[in-house]
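Take this structure, written in structure tokens, and hold onto it; I'll ask about it next.
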């Protein structure tokens, strides 16, 4: 049984088809890559897999369970966590607070515990702080626990984002362009971190257009363009293919259309301007 | 001091109650929702409480105790908020803001037309039972609640939902439920504040709790800082105190100065007067200075 | 039998005439609400500004026109131009002073609060300008066209509302859909990021949007104050409250919807007062509002066509 | 159904409470000793020199005010509508109050070196601001408070002031039952009372034109106007009208053309708007524009000169009862007020509002003078002893804290002319 099975996935926005009849799967314990030029529909796919968006047709199964009737916030229970291309930090919250938010699904207190001072709440709060600190240590950012998250450098924010996702104790971690806006040095650090997590048993699905990063990190790769699958296989097979090269050479073409699609998709909220600078 | 309190006591009482209204507006903002609806719930709650008191008094009986009225206010406010939340929270943010304004307009029309119960345009007298101490006590209790809330699981959820609802959802937070809780709790607070406001004015007409108060409570919350509960209270105090302070000097042209002040504050302090981020920055700076000193 | 039948027929005729008269009254006031809702909605959809001072801008359009008519003997059309220019000028000045400084971290809430500040100031200034009175335009300003039959009467102001209302919808719709500046306005409504990518100068777009919207508010203030004999601060406040309602009914994402919303509110209001009860008039209007909130929360035209809500 | 009928009874009680006392105390039913004694003391004083009749003790002769206040400053609180929708009335009223206080201080009326310090607060018609102002006044130990143009606010304020034993002079709010001695007094003439001048004007017109169908449009969200509409209906029915049509409008209505069409379709011979001045004149214009040919009877709000700026020549033929005719003041006091107003306002005639403020302030000042020490409690006592005083309305008397025109006072019915003047109605 695969960790993730995507079958005939299609997503349309009005007249635009962002993803078309896409199928692929991720084996348990693997580091998988989903690759394609900007605007190929990668983020749309990951949005659907993480429950933020619903497919127009097709099915997504996580560890064998069909997700079509599952609500967005319940995907956590299936062991899905994700990061974002543009990170989406909570303004005004400190680093440790971000991880505490990630721990929400593990908390036992209810709304009514939140109104009156009570020992149950206090105890849980302390426990959550300790727990959050562990995740910060895993990502080696525990010394920044009290800093304002949005003031951190790019690379550290990325680590924090992964820590926040790990706090939900996922089995499958989805990473949307984890190296966006990073230099070579930072990219390889991230790759190192991810490898470490994978060794502890976490399955990873990395969405990227940085080919080198994917080639070095991933064991299985699926390439999509204009929402459709070009091919899938091992990195060697995929990246030597003529088809993929062409797709990448032509990647600048219609970039604006692609941006437009992501805008339509409602994912433009905090668009990272660096993305479009090239 | 006593002289001062005699003169300005009632102003402070109104300011504290405005603080409660501002807190209920703040709760909406905290969950990422711009809602003026608490005033509509306050109106409903105040009318129910006033009517109950009126019936008692007209029958020559003793009024219900204050606690009863406060309880009624909270229950009515919370119930109305909970019921309407199912419709309102479906709406997108812009529509929601408009729809809640519409709700306040609707509340007035209902109050005018249920004149058998509300007295219509004539209004309904409200016996005053509260003292300044009651109001302070209530505000104190509510403040403590907000203090606890902020660091609780629910407070974190609210922070996350306000900043990044999508992320919150993918972290397992039920965004709609968090918003509904906040919305209902805002209704409870609104109902409570509505009963207090009616008792302060001692008379209830449909315009006592209307659009203007809705805008003022939102403005107070934002002016004081809509990122921590202290903000709305400070905002409400300022919003009440500034005109009172300007009145002797400016007379009726005080309104122009008031308006300009509001714009200036918003332009230069976009996060309001009380900004927790600023505090964190200061405390971090102090800490780092201390560590430096230790190191050297 | 003969005379009885005739009187019955005459009575039916009178009832029909009354109905037509009231529908026309409703269309006139609805046209005012609709135009206002359109201008209010445009600025809300495009820039996220829920401008509560918008009604007072309409009042200022009327005040400025009244001033030039009374002092310099302006006629109808030049005064209309003055109303438009005044509305647009106040809109642009308040935008530069109060809204522009917030734009870097644009959010609806900040705009709302500053617009409350602007509102307070404009009301105080308007009351001073009018010396706390209600005023009207001299009757000889506008004496045509006038519709008078035995049973139906429409004042020239009402007729102009009914003429300019639909014209302004069509014009605004065409401007937004067929012209480069309209495309840019929609793009800004869609996402300011998108417009930045496509190299649209946001200042030009913002100023044109504010100018069009506030200028339209000036027109509404001017025409309504003529049609309803009411140059006063409450005129604008009334337009604002009904404008909220119209925008909820019609939706603010589409100028046609907003206008239609205003027409629906206007006609319901007048017919409700005539055939149900003046006391229940607002109940009917706001009942309609609740129905729309329940069953058609995104307005008549449903899907948002122009500015996407951010 | 039982519950519902019980509710109705309660509402009845509620309304009765609101309408109590003075609704049913019309002109001519004055009881107290003041009237009897007044027969002997009918030489009227001139207020501007500081006289009013005081009934020191029930059953004794009315006497002139003869006490004075010791040297010092005596505070008076004044809650006014200087901004907001009702400022059109509040601003001139405030000028009347200020004028009276200036006269009182300049003439040394209260006593040598005794002066009034006026504390004016703008409530903009908001109950919370008004209450805050009253509390401030009470804390400042004012001798008395002049206030309240809106009935809804008057109720709340009166309660607070009475609890603090501070006298209140209501200058404009007309809801029946607001005057409640010893602390709450009212100096606005209840023209809307049963058998009052409005009642008389409506009946006179119905009889003059033998009207059968009468339309009564009302401002249905203003409690004073709603009460007026009820009174009008009773009056015209009693005078012989058989078909009375009620039309509801609201104070903030943008458009009155619907209401006008509705009235015209009903084809009445007489329209009596129970509406505020501004909307009433807008309705008159809308009616005349639509070809309404019948008669119109208004209230004093319609007599204000500013209405001509709204309705113009459409007002011609509109008849309204007034208690003060600025074009033809009945006494020196009235002439002085008109002269003063004209000189301050480029020759324009005053509305009724400055006279209302002026009267309220003088009423309070007379009581302050007679209180001996200016303390609120004694001022309240002194207020209750004022039997008659001179005013712009002529000699007025006080009955249970409510001002009334003397029984002999002939109502003045004015008729608008097409040239913006007003003449006394000839009864046709």
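First chain written, first letter: the chains are A, B, C and D, and each begins at residue 1.
Everything below uses one rule, namely that a contact is a pair of C-beta atoms (placed from the backbone, for glycine too) under 8 Å apart; a residue touches a chain by one contact, two chains touch by 3 or more.
These figures come from a predicted structure and were not determined experimentally.
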Problem set entry | Touching both subunit A and subunit C (chains) | B
For this session: Sort out for me whether A-B or B-D is joined by the greater number of C-beta contact pairs.
Result: A-B
Seminar exercise, completed: argmin over chains of |mean CA - global mean CA| returns B
For this session: Quick one: report the Å distance separating subunit A from subunit D, using the average Cα coordinate of each chain.
Result: 74
Seminar exercise, completed: Distance in whole angstrom between the CA centres of subunit A and subunit B is 39
Seminar exercise, completed: Per the C-alpha means, the centres of subunit B and subunit C lie apart by a whole-Å value of 31
Seminar exercise, completed: The positions of subunit C in contact with two or more other chains are 124, 241, 279, 282
Problem set entry | Multi-chain contact residues (two or more partners), subunit B | 112, 252, 255
Exercise. Which residues, counting only subunit B, touch subunit C once they are in their complex?
Worked result: 29, 34, 87-88, 90-95, 97-99, 101-102, 105-106, 109-110, 112-113, 211, 215-216, 218-219, 222-223, 226, 252-253, 255-256, 258-263, 266-267, 270
Problem set entry | subunit D-facing residues of subunit C, complex | 14, 18, 21-22, 25-26, 28-29, 32, 124, 127, 131-136, 138-139, 148, 153, 155, 158, 224, 227-230, 232-235, 237-239, 241-242, 269-270, 273-274, 277-279, 281-282
For this session: Name, in rising order, each residue of subunit B that touches subunit D in their complex.
Result: 3, 6-11, 14, 54-55, 58, 112, 115-117, 119, 121-125, 197, 200-203, 205, 207-208, 212, 244, 247, 251-252, 254-255
Exercise. In the complex formed with subunit B, which residues of subunit D make contact?
Worked result: 7-8, 10-11, 13-15, 17-18, 82-83, 87, 120-122, 126-128, 131-132, 135-136, 138-140, 152-153, 155-156, 159-160, 175, 220-223, 226
Problem set entry | In the complex with subunit A, residue positions of subunit B that touch it | 144-145, 148-149, 151-157, 159-160, 163-164, 166-175, 181, 227, 276-277, 280-281, 284, 287
